[in-house]
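Below you'll find the structures, each written out as structure tokens.
Two complexes are shown next, each including chain A; its partner changes from chain B in the first to chain C in the second.
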Partner chain A sequence: MNELLLQGLVNGIVVGLIYALIGVSLNVIFGVLRVVNFAHGEFIVLGAYAAYFAQAWLGLSPLLAMPLVFVIFGAMGYGLYFVLVQRLSRSNDPEHASLLVMFGLSLVLGALMLLAFEADARSLNFTLDPPFLMFGNIILPTTKLLGLVVAILVTGALAFFLYRTMPGKALRAIIMNRDAIQIVGVDLNRLSALTFGLGLGLAGITGILVSMIFPSFSPFIGQDYTLIGFIVIVLGGLGHPIGAVAGGILFGLAEQTAMVFFSGTVAMLLGFVLLIAVILLRPAGLFGVQNSR
Partner chain B sequence: MLKVDQLVKKFGGMTALGGVSLTLPDQSILGLLGMNGSGKTTMLNCINGLYEATSGEITLDGVSLIGKSPHAVFSEGVGRTFQVPRVFHQMSLLENLSVALLNKGLSNAEVAEISAHWLNKVELYRLRHNYAEELSGGQQKLLELARIMVANPKLVLLDEPFAGVNPGLALLLIRIIREMPKEVGCSVLLVSHDLTSVYELSDNILVMHEGKVLAEGSAEVIQSNPDVIEAYLGA
Partner chain C sequence: MTDEVKEVRDGEVVPAPASQGNIEKSNHIRSLIWGAVVAVIIAVFLPAPLFASNLSFLFYMMLWLTMAMSFNFVAGMAGYMPFGYVAFYGVGAYAMGVLYKTFGMPIPIALAGSAAAGILVGLLVAPTLRLKGVYFGIVSLALAMAMKLVISLMPRDITGGSLGLILSSANDPLAAYYAMFLVMMGALAAGTWLSMSRLGTALRAIRDDSEAAEVVGVNVVATRLKAWIMATMFPALVGGVEAWYTNAIDLDSSFNLLVTAKSIVYAMAGGLGFLVGPIVGASALYGIDQLIWRNFPTLNLLILGVVIIALMLLLPRGIVGAFAQRFSRFRRFIP
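And then the complex of A and B:
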């Protein structure tokens, strides 16, 4: 029993870090732009397809595809900001307006993926040698281990960007006080576009990790990832970039350890119970500050 | 030199500023007095680009500020504080100041040196690694002032700097504001309800009433102006 639990905990950390990445990118976008990116999951799935086709057509390994996908998705996000998001940010109620528009975008992207890639679930043909490592009776697939390392590196790089570089500090400053950042000479529009680009770039990388770690992906699962992203950021604290990491790991641990004892459905249900408990006990999330805005 | 010429700002059918003109020479302090709703803060918001003026002209050293966004106005050398300080609560004091130097192309050492100088000036250096949210309201006002001063502005807009500040910090603020024109070479537009401080600090005073200029002159002139006494001073 203890070994099973330990296996669940290990799986929880791996999956939790993927969830954390989903939450971090969603949280940075929400924190800076007050935009509820309901299409985030679809961009993650697009990232998974990008890895799939980069491998099938160009023979690129998912790891090599990551920087390429980050740049392409980042540029797409930067452009999309000026086409779509900028108008939403200017509205009197950006949260509600963006929720509706991005939900529409989510449906459109899902339908377009269905048309382009068909409904069949696909799997990335990616294995490592040896395929798994044994730690006592704990089995750890090497692809998951690699995914864990990449997720830690990406999260670390993001934390470095946010807390050690000037653009990162400015981005955090927007989250704390949107008016004040403008009067200290920061171009809010440019930085917002950069943030949306960063968010989509991270979504692309997360999609590749998802394709490496989870068995399959299809055009229908985007909203599942969006939902997980929102659970994670509510757990960690809305708008708090690093809070999402704690939220993701917590949710991943709860879900994966519950899977040891119960079915997948019950495990998901327990994740929601955790969410409700955190909302009741700490409405602003684990790292959130009440009435900070 | 700041020049505001026939500035009008309307919100729908309500006129907040009805053709206000003023001149603020270099290295001087202009006090802006007026009742609540007289248009003082609206004037500051128009100058620093938070509001778009309905008509009129605002120039700083001959460069028009009309139509410019707040960050572009900041780049022209205009710094601004608010009645309720808008600091970055979950950043250290040093980080708060470094954000204002983002576009100055300075090295980390230069940013640290300038920040340390101004944190010393506002007597917050010992708290430099603390989060801004740990400061009192008055200390946050000092931090906000330091945050604009690090950028070496030509014009500083101060909105009610003494409101809610304890007497000790108010004296410090008065001393810093008095020294700013000579030390940094900037001019100051000071909005305050604290008549004593405005009289003490200002080279010239402008009294606003219902979006228009009611009177202008030295402290002595303003204090003896019958229109001001009737409309504002009430004695």
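And then the complex of A and C:
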């Protein structure tokens, strides 16, 4: 029983870091643009398909496909910002308008993927030489270990970008005070477009990790990842990029241990209960500052 | 009297502040227009089964009219966006199925149970009404998913598990048609009550500025709760009647996100916040939607998504809202 629990905890950390990545990219977008990206999960699934086809057509391993997918998704996000998001800031109620537009986008993307890739679930043909490592009685597949390392590296790089570089600092400054940053001469529009690109680029990378670590993916599961992202960012604090990491790991641990003792359904339900409880008791998130809204 | 005086503000012609008599007059005209709309709806749907060969088309039209109208109660009149609206529909369908099939109740009582279940769930989640904007939308979506999971965890012999419930002995499409007609009339009545009474004025005041409304003595919590209860009861009833009409209930169709999506699209296309908005929107889009559905079933979701995006970007206030903005002097006559 103890080993089962330990195995659950290990899985929880691996899965939790993937969830953290989903949350971080959602939070960067929400923090800067005040847009809740309802279509985030669909972009993640699209990333998983990108890894699949990069391997099938170009013979690229998922790791090599990552920078490529990041650039392509980033450019897509940059363009989409000007098509969809920019006009929203002029609407009466930008928050609801953005929710609805992104909801529509998620329906469109889900349907397009269903048309293009058909309904059956696919999985990536990706294994490493020792398929798993044993630590005592705990089995750790090497693909998961690799995913873990990549997730830590990506999160680290993002933290470095946000806290140590000028554009990153400007980006955080927008989250803190939108009006002041325009006075000091930052091009809000361009930076917002870059942020949307960054968020989607990260979603693409997350999708590749998802294709490596989870057994399969299909056009229908985007919504699940969006919801997981919502749970994670609410746990960590809406609009708080690094808080999402803690939220993601916490949710991953809770979900995977619940899966050990109960079932997948109960684990999902636990996530929703956690989400609702946190929103009602601590709306700013477990790690957020209460006055953030 | 200076009724005819108009002043120009920001390049827009704004009617002079109306006198008491003028307000009463425009209220009267507004009620007349609304009465005419309701009369047309009754004239179309009440005798229709006598002539129409396609009962199903009309049944689902009433269904979407009702869903869009009750979505408007909470989205248009109270300013909340429940993305998990389908939860109430699904709970209503299951309440009907379980009461009728598992407990052997007669259909009218089972349908009353649907309404009660909707209200009960609405009251249970009422604390989420103190959340604002994005938070409310996210929690609402999560609640709908949680509700589906809870029902899937219930014992098989009550809810039928993944197979769902089959109510074959209840087959009576015509009776179900008129049940849906009654539900729709109920929603029309509730809409009239919510928008034309003092309650409606209070709701609009809260939507526009809840703190100011509270200062002038509006009971914010109680007023919101009334609109919320109306908005949760009708989808539950609709779900129950639809279950009766199709005789089948299963988790995936009862908690299909499309139900929420279509309620939103129809209500928004017409114009949130107007009584006639959802009616205009549902009438305009329902036929088009059916045409697409019949000819390109796989494109349905795609087109629905495109319509939502296009509406938000090009016509964010809906058909009625755009009309009211363009011809602002008719604004006060639109119910």
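Convention: the second predicted complex is superposed on the first by the 289 of 293 C-alpha atoms of A that agree within 3 Å, B and C clash if a C-alpha of one lies under 4 Å from a C-alpha of the other, contacts with A are read in each partner's own complex, and residues count from 1 in each chain.
By our rule, a residue touches a chain if its C-beta (ideal position, glycine included) is under 8 Å from a C-beta of that chain, and two chains touch if they have at least 3 such contacts.
Because the structure is predicted, anything quoted here is derived from the model rather than measured.
Undergrad: Between chain B (first) and chain C (second), which, if any, makes contact with A:50: first, second, both or neither?
TA: A:50: touches no partner chain.
Undergrad: Could you say whether A:181 touches chain B, chain C, both of them, or neither, answering first, second, both or neither?
TA: The answer is first: A:181 touches chain B but not chain C.
Undergrad: A:223 contacts which: chain B (first), chain C (second), both, neither?
TA: second
Undergrad: Let me test your reading of the model: by the given contact rule, A:107 touches which partner, first (chain B), second (chain C), both or neither?
TA: It touches chain C, and chain B stays clear.
Undergrad: Return first, second, both or neither, reflecting whether A:172 touches chain B, chain C, both chains, or no partner chain.
TA: Only chain B is touched by A:172; chain C is not.
Undergrad: If you count the residues of chain A that each partner touches, which comes out higher, chain B or chain C?
TA: For chain A, the partner with the higher number of touched residues is C.
Undergrad: Mind working out whether A:10 is in touch with chain B, chain C, both or neither, as first, second, both or neither?
TA: A:10 sits against neither chain B nor chain C.
Undergrad: Quick check on the output: what are the common chain A residues between the chain B footprint and the chain C footprint?
TA: none
Undergrad: Along chain B, where are the residues that touch chain A in the complex?
TA: On the chain B side, the touching residues are 48, 50, 69-71, 74-75, 79-80, 86-91, 95, 98-100, 102-103, 147-148, 151.
Undergrad: State the interface residues of chain A toward chain B in the complex, per the touch definition above.
TA: That would be residues 166-167, 169-170, 172-173, 176-177, 179-188, 289, 292 of chain A.
Undergrad: Spell out the part of chain A that touches chain C in their complex, as residue ranges.
TA: It is residues 30, 36, 84, 87-88, 91-92, 95-97, 99-101, 103-112, 114-115, 223, 227, 230-231, 234, 238, 265-266, 268-269, 272-273, 275-276, 279-280, 283, 293 of chain A that touch chain C.
Undergrad: Taking the complex as given, what residues does chain C use to touch chain A?
TA: So the residues of chain C touching chain A come out as 81, 83, 127-128, 131-135, 137-139, 141-143, 145-146, 149-150, 152-153, 257, 261, 264, 268, 298-302, 304-309, 312-313, 316.
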